[in-house]
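Okay, so chain A shows up in both of these, paired with chain B first and chain C after.
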Partner chain A sequence: MREAGGRAQMEDRAIISVRNLVKHFPIETGFLRRQVGVVKAVEDVNFDLNEGETLALVGESGCGKTTTSHCIIQAQRPTSGRVLFRIGDAAPMDLTQMEKAELKEARRNIRMIYQDPYSSLNPRMTLLQIIGEPLVIHKMAGSQEALREKVAELLRLVRLDPSTMNRYPHAFSGGQRQRIAIARALSLSPKVVIADEAVSALDVSVQAQILNLLKELQNQLGLTYLFVAHNLAVVKYEADRVAVMYAGKIVEIGETEELYTNPRHPYTEALISAAPNPDPDTKNRARIVLAGEVADPGNLPPGCAFHPRCRYAEDRCRREIPELVEVGGEMGPSHRAACHFASELELAGISGGAEEPEREQA
Partner chain B sequence: MTAAQTGEREATAPPGGDAAADPLLSVRNLQTHFFSREGVVKAVDGVSFDIKPGEILGIAGESGCGKSVTSQSILRILPRNGKIVGGEILFDNGESSVDLAAEEADGRVLRDIRGKEIAMIFQEPMTSFSPVHTIGDQIIETIRIHQDVSKEEAHEQAVEMLRRVGMPNPARNIEEYTFNLSGGMRQRAMVALSLSCRPKLLIADEPTTAVDVTIQAQMLELLRDIQADLGMAIIMITHDLGVIAELTDRVMIMYLGKEVEHGTVEDVFHRPQHPYTRGLLASIPKMEPGRVEIEPIEGVVPSPYAMPTGCKFHTRCPDYIAGVCEKQDPPLTAVGPGHEVSCYLYGGREELE
Partner chain C sequence: MTEVEAATRLETAAAEEQADQRVLVASQWQLIRWRFLQHKLAVVSLAVLVIFYLVAIFAEFVAPYDPYIFREDLTLAPPHTIRFIDPEGRFQLRPFVHPFEKTLDSVTYAAIFVEDETVMQPLGLFVRGDEYKLWGLFESDIHLFGLQDPEARLSLLGQDTVGRDLFTRIVFGARISLTIGLVGVAMSFFLGILFGGLSGYLGGTVDMVIQRVIESLRALPTLPLWMALSIALPSDWPVVRTYFAIVIILSTVGWTSIARVVRGRFFALREEDFVGAAELDGAGNLRIIFRYLLPSFMSYIIARLTLAIPQMILGETALSFIGLGLQAPAISWGVLLKDAQAIRVLALSPWLLLPTLFVVVSILAFNFVGDGLRDASDPYTHV
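Entry: the complex of A and B
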């Protein structure tokens, strides 16, 4: 195993530390595949994933949240940067430097759940095969009997009936399939689970079941989640900390409640304002509707990538790229934003619940 | 803009009240079934609702509740194995009332109404457009099918409509193909196409589902503005209760082909009566400060081939009354002005005996 320097580079509580992560995709053209440009999908991303927490990566399509998660698990090799991973008191390992065999070992501890349980499960495999496959691959199954026992236990863990283990995915609804995907992800007793839009394709009543299941499993098994999502309300419910991404960069990161009630980046403010709220009383509230669309990561504007859509933008924003800096006072938990005017702007976060009395259902 | 908009909306359609206006569209006991080898799926099973001129009605529910099939039934664009087997869809075309359910799906009457009187926008704008024609050609074609105008006039109208939906450079955009446009611009072009003949009713089937939240906000603002501007009625079909709350005057909640509750958005969201509506609202994470717990609805949606008897929700209902709910469909019971619920908790049990 390659070790990545001393412990100094990782925060004490961190299980994964992402350092200066960059992922560029070449834009090629013509028969000779001449490179004419580069898509900066992830550009200098830094964050720590602390043991036992849920950190959400939020942003719109193309912001680089999924690419970031792929670069962590090395499904895509980053262009540069490091992904440090540490189990317990062992020395941190840099996943980006690992060869295939070493990675296999590390990936036992970092598992993924995908968005669409209709395409992520092989329709020709039974639940026993789907959930048991990682155990077989990692030679942790033992006998066929032991494998069945282990799979039954995993099915019970995700509240499915173990007697269904010889059936195929088509016999299950979307929510049940997502439970199967979770059981598969948990089969190797991982430390970290990356959930990439894991509830986005589900109906709301089922989405709520899965959100609660993920929380229960986290408490029960001490899991750490990297929760990639675009739905801000879901993230508010599920995450301890939130990192907001825009055009390949983290523009704001902080504790969930703090970030939602006291956003310090204009993009976060706009995202919060745009999220539809299931309360007709807020129908006529003044909403920030951003003009234009997400910046093209193949052709980023100069300076702050958000400036063409930002209602507070000034000259400086068109020239200088803002750094992600601490904005949350000296005491208390870290809250960082990448905006030149983060300390001056008065931005609006979520409100409403506090001033309004709880509305009781009749 | 907000004040003007609200004024307009209230002037044309007082939410929930018994407006003097006759309904523009009146759906009566609509039944649309799908026939396949596995059996018959009663996708829409006895749904009734009215929509008045200028009103925004939401139809909400989870997948399989029949909300999209309802809209496809109105425009008679059902898949081949789907059939309207009962009920009426009465549309007021200005002179008389036509029953769309009784007309030929590809007959003269429907072809005159579709695209002209009633238009539709979809989740994926690319499906509304041909990729090999410019958006201008397609909008002009639609205008000239339904109106007796010259090419030049139609061109002018098309540019004007593109301007209204907020295309940045209508005179140039009209020459563009859809693949040149970004997602948000395609959505706008689709709205322009659907509104090019100034329909009386616009059916929007999940138009904001596949787009990002900032684009969704643009789309909702556009629909709100354009409704205030042109005054058409809108049926908004979505699973997103946030979108319903932001846009609509009245809402109908559906579950497995049945209407479970309808009323003004304020009534349905603040005073939900049906256990399913309550469950849905309790399942959504809220954008409010502090910790707000969510409570999922237990169980799974039953298979469409093995529908429960009686109330379709009784298998998952926390208020299930044994010996009552599984017997028969609960009737719609009024629980307030313009607020009706289909649940035995609120009446209808006397008739069971």
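Entry: the complex of A and C
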């Protein structure tokens, strides 16, 4: 029954469908652990991850993008909601309902790359052990010789020298370590790779190499990426579609090009304007400086969570929570935004400039 | 694509230039060894400890006499002066001693030992002397060194109150005093990792109960606790059983600090990305504990334990000194020091305090080795 319902809920191209995902963290206090509040880290998030695409999840620190990715792979169990996962034409499975053994199987196909390559590799293990670990655990290695062969192949795949497989992580630079982490993620031939800020900890020059590598691997192996990031320049290069998160919710989701040139949510506009632009010719671009901190997910403002920082906010925004609605028109691909005035506002995208740099009145 | 390859090659080359090729493939233990070898004091101390333990292992062979055979005529005889110049002023290649001649002070009736310069008793290596059975297996009467005349007695560090050779007894005492620390620490190690691991890995109620027990144990003053526990030991137990009972008593207190460290490390490490990655790889709990958590701080634990051994040695010495630990006929440094309790000893036979010197040297050596290990134990911090 669950399967039939699931099929109806999944779009044709989707490999992962997130439905009404909610993750709350209780705030406890005192000796008896009395619950005094709740941090709404992820609140009613819906999206589809289509096979073969790269979907970027962007937003400020604390907006819930990492929690969302952890809830998809069940590193953290969501409070409610469903995460449907389907391989090919098989029936979709709900990851949130899975027991440990089932999850172990499902996680062969959904792998994760961590942000910090210095803490995500066990310093006590050699590359052979680190990259071979998933193969050993899933008993896919056979003999020691086959394992070495497979690890060498993976190292070549991420452009590292296979003769270094007996070295320890301390012998490698940050970029090289992230390649090792990618090799580990790919060792089980997954369908989906979740990259949690996979390049944020790296130098800009090294970032480009890793991004190129990820793109190349996607073409070569037909991978699907969920790319968690806060850097819009990186996302523009890498992603097919972008979902912008604010205070635990998706506020805008659409094709990358469309969203960058024609944002429909004031928060997206602010994010785009904040992204550093290396092109010296676009001097006149206005930078929108957002006042205040990102909304506290333990104490969200009423109405639209973004309204205290929004320069277009009106009374309605303080009362009503906006729905995520289609704004892209009938013809084009889906573009949805959660703003009461999405169709009325003239927002600046990456090419156009706001007429007059209007500073936020703090 | 070619750009990527070229850049990677550059990156690799740069990384290799910085680090010695050996360091790149070095395992954790190799890195620790290299770091440790740079700590000169620790290396010297380690050498001292190795010698001490070799002496303890081969005590029967190293000691020139049987530790229980006494010579009434040599009661409280002072240490010999080992000489190379004979009374005629000629240099002798082979060192020798003059035997003692005992006289009584006509006023105080105190024994006076005077060297008889007419007799020369040369020392020798691998001389025959008291018979012994090494480790209860090999019968022999060959000793590492001693006087060539089996009837004469070399008083290297003086004689005790009943005329037993003090150096011999110190050598035999090392056997108990140095191993009680190791056995006790091994037990603490086991208890500490077991309870600390449970506490840190399971958390919640288990953690709370174990932590309260640890706090209670640590709040008890150790000396009265030891006294209470050792009084509970039946006095007719054989020496070996008493020895193990004392080890257990010492470790009941010793494990708590290790348990604390293990718990803290478990908590911290469980949050590390590489542990999370291992969980996502599908690794089970036991695999995570033994392959990821324990190896990450085993070196640190070993360093901690090295620093804990001296406490065990001192504990044994203190207990035996106040008469609650090992009792004669067992020989330990604490038991030997018990002889030195009287003020008369301090005044007239100060050599009976010499076991203290060995206690001090071994404890300092353990501390220096522990220091060196602690500095070397996390080789990844400064690579």
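What we mean here is this: the second predicted complex is superposed on the first by the 339 of 362 C-alpha atoms of A that agree within 3 Å, B and C clash if a C-alpha of one lies under 4 Å from a C-alpha of the other, contacts with A are read in each partner's own complex, and residues count from 1 in each chain.
Everything that follows uses one rule, which is that a contact is a pair of C-beta atoms (placed from the backbone, for glycine too) under 8 Å apart; a residue touches a chain by one contact, two chains touch by 3 or more.
Since we're looking at a predicted model, the values are computed, not measured.
In the superposition on chain A, contact is made by A:Glu293 with chain B only, not with chain C. In the superposition on chain A, contact is made by A:Gln209 with both chain B and chain C. Touch criterion not met for A:Lys139: it reaches neither chain B nor chain C.
Of the two partner chains, chain C is the only one touched by A:Ser119; chain B is not.
In the superposition on chain A, A:Arg33 contacts neither chain B nor chain C.
The partner of chain A that touches more of its residues, comparing chain B with chain C, is B.
With both structures placed on the common chain, the touch criterion links A:Ser173 to chain B and to chain C. Across the superposed pair, chain B and chain C both touch chain A at residues 173, 175-176, 205-206, 209, 212.
Residues of chain A touching chain C in their complex: 73, 75, 104, 107-108, 111-112, 114-116, 119-125, 133-134, 137-138, 159-161, 164, 166-168, 170-173, 175-176, 181, 184, 205-206, 209, 212-213, 216. Residues of chain B that touch chain A in their complex: 2, 6, 62-63, 182-184, 212-218, 220-221, 239-247, 265-266, 269-273, 278-290, 292, 294-297, 300-301.
For chain A in complex with chain B, the touching residues are 60-61, 173-176, 203-209, 211-212, 230-234, 236-238, 257, 260-261, 270-284, 286-291, 293-294, 349-354, 359, 361-362. Across the complex, chain C meets chain A through its residues 1, 3-5, 7-8, 11-12, 14-15, 19, 23-28, 272-274, 276-283, 287, 291-292, 295-296, 380, 383.
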